[in-house]
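Each structure below appears as structure tokens.
Two complexes follow with chain A in common, the first pairing it with chain B and the second with chain C.
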Partner chain A sequence: MQADFFAKKRRNSFIYFALLIFLTWGAITVTEYDVIKGFTSIPKAVEWTFSNFYPNEKAMTKLPDILKTLVETVLVSIAATTVAALFALLCAILGSNTTGINGIFSSFSRAVAALFRNIDVAAWSMILLFSFGQNVLTGYFALFFGTFGFLTRAFMESIDEVSQSSVEALRATGAGYFPIIFQSVIPASMPQLLSWILFMVETNIRHATLIGILTGTGIGFLFSLYYKSLNYSSASLVVIVIVAAILIIEYISNYVRRVIL
Partner chain B sequence: MTTLLEFKNVSKQYGHDTKALSDVSFAVKEGEFVSIIGPSGAGKSTLLRCINRMIDASSGEIIFDGANVMDFRKKELKKLRTRIGMIFQHYNLVNRLSVIENVLHGRLGYKSTLAGVLGLYTEEEKQQAYSILRILGLEDHIYKRCDQLSGGQKQRVGIARALVQNPKMLLCDEPIASLDPNASRIIMEHLKNISSSMGITVIINLHQVDVALKYSDRIIGVNKGRVVYDGTPDGVKTNELQSIYGTDFGKTVDEQGGQHAG
Partner chain C sequence: MGWGWDESIRAVNDKAGNKAGQIHNKPIRTKPFNKASFVIQITLLTLVALTLYGFSSFDYKDVHFFEAAYNSLVTVKTMFLEPHFQHFTFAGALKQVIVTLGLAFLTTLFGAVIALFLGLLAARNLSSNTVSVMIKGMVAFIRGVPTVLWVLIFAVAAGLGSVAAVIGMTFHSVGYLIKAYSESFEELDKDVVEALKASGANWWQIVFQAVIPSSITYLISWTFMRFEINFAVAVAMGAAAGAGGIGFDMFMASAFYYDVREIGVITYFILAFAIALEILATRMKRKLRAAE
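Showing the complex of A and B:
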């Protein structure tokens, strides 16, 4: 009986492994991908990067332009996140189990949040491209919708987790709905909410670059412009500036998190 | 003494076949200290929460201070709750706020929405909160955040929050279940003191039979949603405990029961 059990387990592992090999092999054949050529081209790519993809003196003259668009991109991300956070907080309070008004609204707000969250920001920006065109608003709203969906869900969970007990206590004292929200729910869940907002600001700055390439705005657009006009040194400067900006933002948000928690 | 609270054939049903309370009737006089004992899941918490309508009973009448609370609409219900303080096993404080802020939360039921939202408290309310905290021995911790307090201190903040409501009655839902023996004794002594010196009626759910027998004026034993004992602590003997907790209650009860009933 016991020998059987282990034999069965071994057989199962073998089947999974064989299946995986088969899938990989099938995918390689269908796409006509040459594995050896793929790996041997990596050193070449690195070599190319080092010989072309670095900022030179001419690129440095573009730095003021690049920084200007960087600031624009960062500000758009922050604006989209904070405004979305405001709407998400409203939606989360009305829809959470602890503070929700009723079941129907709760399911409705969960459904809306799920819909907005599951459409990726890149998909949002393509959808919005139709209505707003190549405009900074397209990027703004793409970030806004994605963030709104994600934060609504995250806020709901934070609120339920943190404030259930104190909400019960305040309801028992006869306090009304709004005093309970402002005196208990918001103070109790504030650190978690802020932490989620900071996380979203970081994520959105990364996304904003990508969306910029799609919608032709901000620093992403500048990158694709330089890259397509074969101005690789300026394009590399854009990449370096983005990486630096992301690291700085992350450092700041980690610092803020440490202080508030 | 006048009757403050009366249950008349109160039942509570969850779903179709789970009966948390069936046909519960008893009366509590003003100023009494009543313990409700019984096994887990017997319906003690439900019974307590039916009084301030945190849970709505399915049928029967609950008369508090001459009015049937089951008929109350939203506004009357709010007013009822301001007159009944509640204390919880897990304290249910806002841990990130200070002691004084948590205590003042007990006044929110008396305030307009705007004053409540902004947390505007009058000078008298603050003075009252301070003097209650002093009675409970917390005057050194007023501005501390609640997450820095011990369990016993947190529960005293919970009591202060209930007292600042100027309640006629205190409902305590297993207030010492998460506390060590020493802190438990302090809490029970404060509750007893509140009952006798301020004349506030106290109804308390307890798991510790010995504690219940020691502090109470009256014991109500609940099992499977029914009141199986209603009388003085002196009347609680092995037989009664077996009818409350089941015949398997065992030898420890013989010892405890003998000790306290004797």
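Showing the complex of A and C:
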């Protein structure tokens, strides 16, 4: 039987491998991906980066402007996250299994969260661009909706995970709904909730760049402006500034996470 | 979708386990000074302060907020309730979604192959400390540059299109998967590696006979999760960086044709595929867990 086992195993791996090759071939065909160009473009891109894509003196004169836009983008990301977190907390408390009011509302808020989460930031940007125009609020709301959807799901799971037993205990002692929420559920799940919020701030700064390019706001717009006018040295400065901001925020939130969790 | 859901679950859960244990062991004090709660308060205050400062400092350019909000609602209503096909057909949209899926697939495949090797080198139990730290530092840098910028940087060398998109998107996939893979590898029992080493197996034999077979289920489920994320990323790149696929159609519908109803159709297509992928991923995870 052992020979059979190995033969079967080999046959299975062969089938999976063939399937993978077939899918790859299919993907290459539909996307019109040029494999050779794919390989040659990497050294070309590296060469180009080293010869053009670094800030020069002229770009440095734009640094104040760039930093000002960066600060705005970071603030938009943070503001969108905190306000979305507030709404998400409300929705999560009303909709979670432990603290929810009733089944209908619970499924309703889950469905809303899923909808908001699954409509891409890109789609939100387009929708909002129609009515808000090239405004800081376009980026703000695009981030807000996605964040709201994500945090609602995350908060629900955290609340269910942390507070199931304490809610039961408090209910048994006759505590009312609001004391249970404010004395037990929120304090107990706070570290987790904060950890999610910090994660979302990091993510939103990345998304803000993309949204900026789509809607013409913030640091993303500045990048695409320089990029499209072939001012690569200024564009590279924007990239460096974004990377620095993201790394600093990641460092801070990792520190906070280490302390609170 | 696209928000690094599972990755962050791990980040949060890693430490959550410790916490529950600690609570019960501590004696009950009414109001102790506690570094954790102090940091929580400071962080919350900072976030609120920055939010308020942000709202006061934004340049709103006299936008009529309520009017614009109302218009957005109307737009959303038209979009979802009156979708129609204008510049392409049902089959055309389906083809574009498949192109987007293809981009996501290629990205995931390249990312997985590269991350498999780098993940082995980044796993502390299979490589030296220096190499592991170096690779993890590189991953931090890669993740610092937003995907759209990677794509646009490569677009200069390769031209706008699928090549730049796939290579640009591969960076974040590699970063994400290296982290996921190396953590799965690190879970491998130390004794297994030691036993194989003692019996004279070389590094490759250890990797292919012990490390990969024992972590294959995790590898597959992480890779599929990344595929799910890459689908969303590919949509966004189509819109922002001319990568083609359904995202590009969305960009055209909104930026050139100003056709809200067509965006509605496209959003429905994306939603349908995204939800299908999510269901598939959940099924697969359950199956893999059952197989273990």
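Quick notes
Assume the second predicted complex is superposed on the first by the 242 of 261 C-alpha atoms of A that agree within 3 Å, B and C clash if a C-alpha of one lies under 4 Å from a C-alpha of the other, contacts with A are read in each partner's own complex, and residues count from 1 in each chain.
The definition used in the following text is that a residue touches a chain if its C-beta (ideal position, glycine included) is under 8 Å from a C-beta of that chain, and two chains touch if they have at least 3 such contacts.
What you see is a predicted model, and the numbers here were worked out from it, not measured in a lab.
Applying the stated contact rule after C-alpha superposition, one finds that A:S166 touches chain B and leaves chain C untouched. A count of residues in chain A touched by chain B and by chain C gives the higher number to C. In the superposition on chain A, A:D34 makes contact with chain C only, not with chain B.
Within the superposed three-chain model, A:F108 lies out of touch with both chain B and chain C [touch as defined at top]. In the superposition on chain A, A:F87 makes contact with neither chain B nor chain C. By the touch criterion defined above, A:L137 lies against chain C but remains apart from chain B after alignment on the C-alpha atoms of chain A.
By the document's definition of touching, both partners, chain B and chain C, reach A:M190. In the three-chain superposition model, chain A touches both chain B and chain C at residues 190-191. Listing the residues of chain A that touch chain B in their complex gives 163, 165-166, 168-176, 178-184, 187-188, 190-191. Residues of chain C touching chain A in their complex: 1-5, 8, 11-12, 15-16, 18-19, 35-36, 39-40, 43-44, 47-48, 50-51, 53-55, 57-61, 63, 65, 68-69, 71-72, 75-76, 79, 95, 98-99, 101-103, 105-106, 109, 140-141, 143-149, 152-154, 156-158, 161-164, 166-167, 232, 235-236, 239-241, 244-245, 247, 250-251, 253-255, 258, 260, 263, 266-267, 270-271, 274-275, 278.
In the complex of the two chains, the chain B residues touching chain A come out as 52, 54, 77-82, 84-86, 88, 90-97, 105-106, 108-111, 113, 116-119, 158, 161-162, 165, 171. Taken together, the chain A residues at the contact with chain C in this complex read 20, 23-24, 26-28, 30-34, 37-38, 41-42, 44-45, 48-49, 53, 72, 75-76, 78-79, 81-83, 115, 117-123, 126-133, 135-137, 140-141, 146, 150, 153-154, 158, 161, 190-192, 194-199, 201, 203, 206-207, 209-210, 213-214, 220, 223-224, 227, 232, 239, 242-244, 246-247, 250, 256-261.
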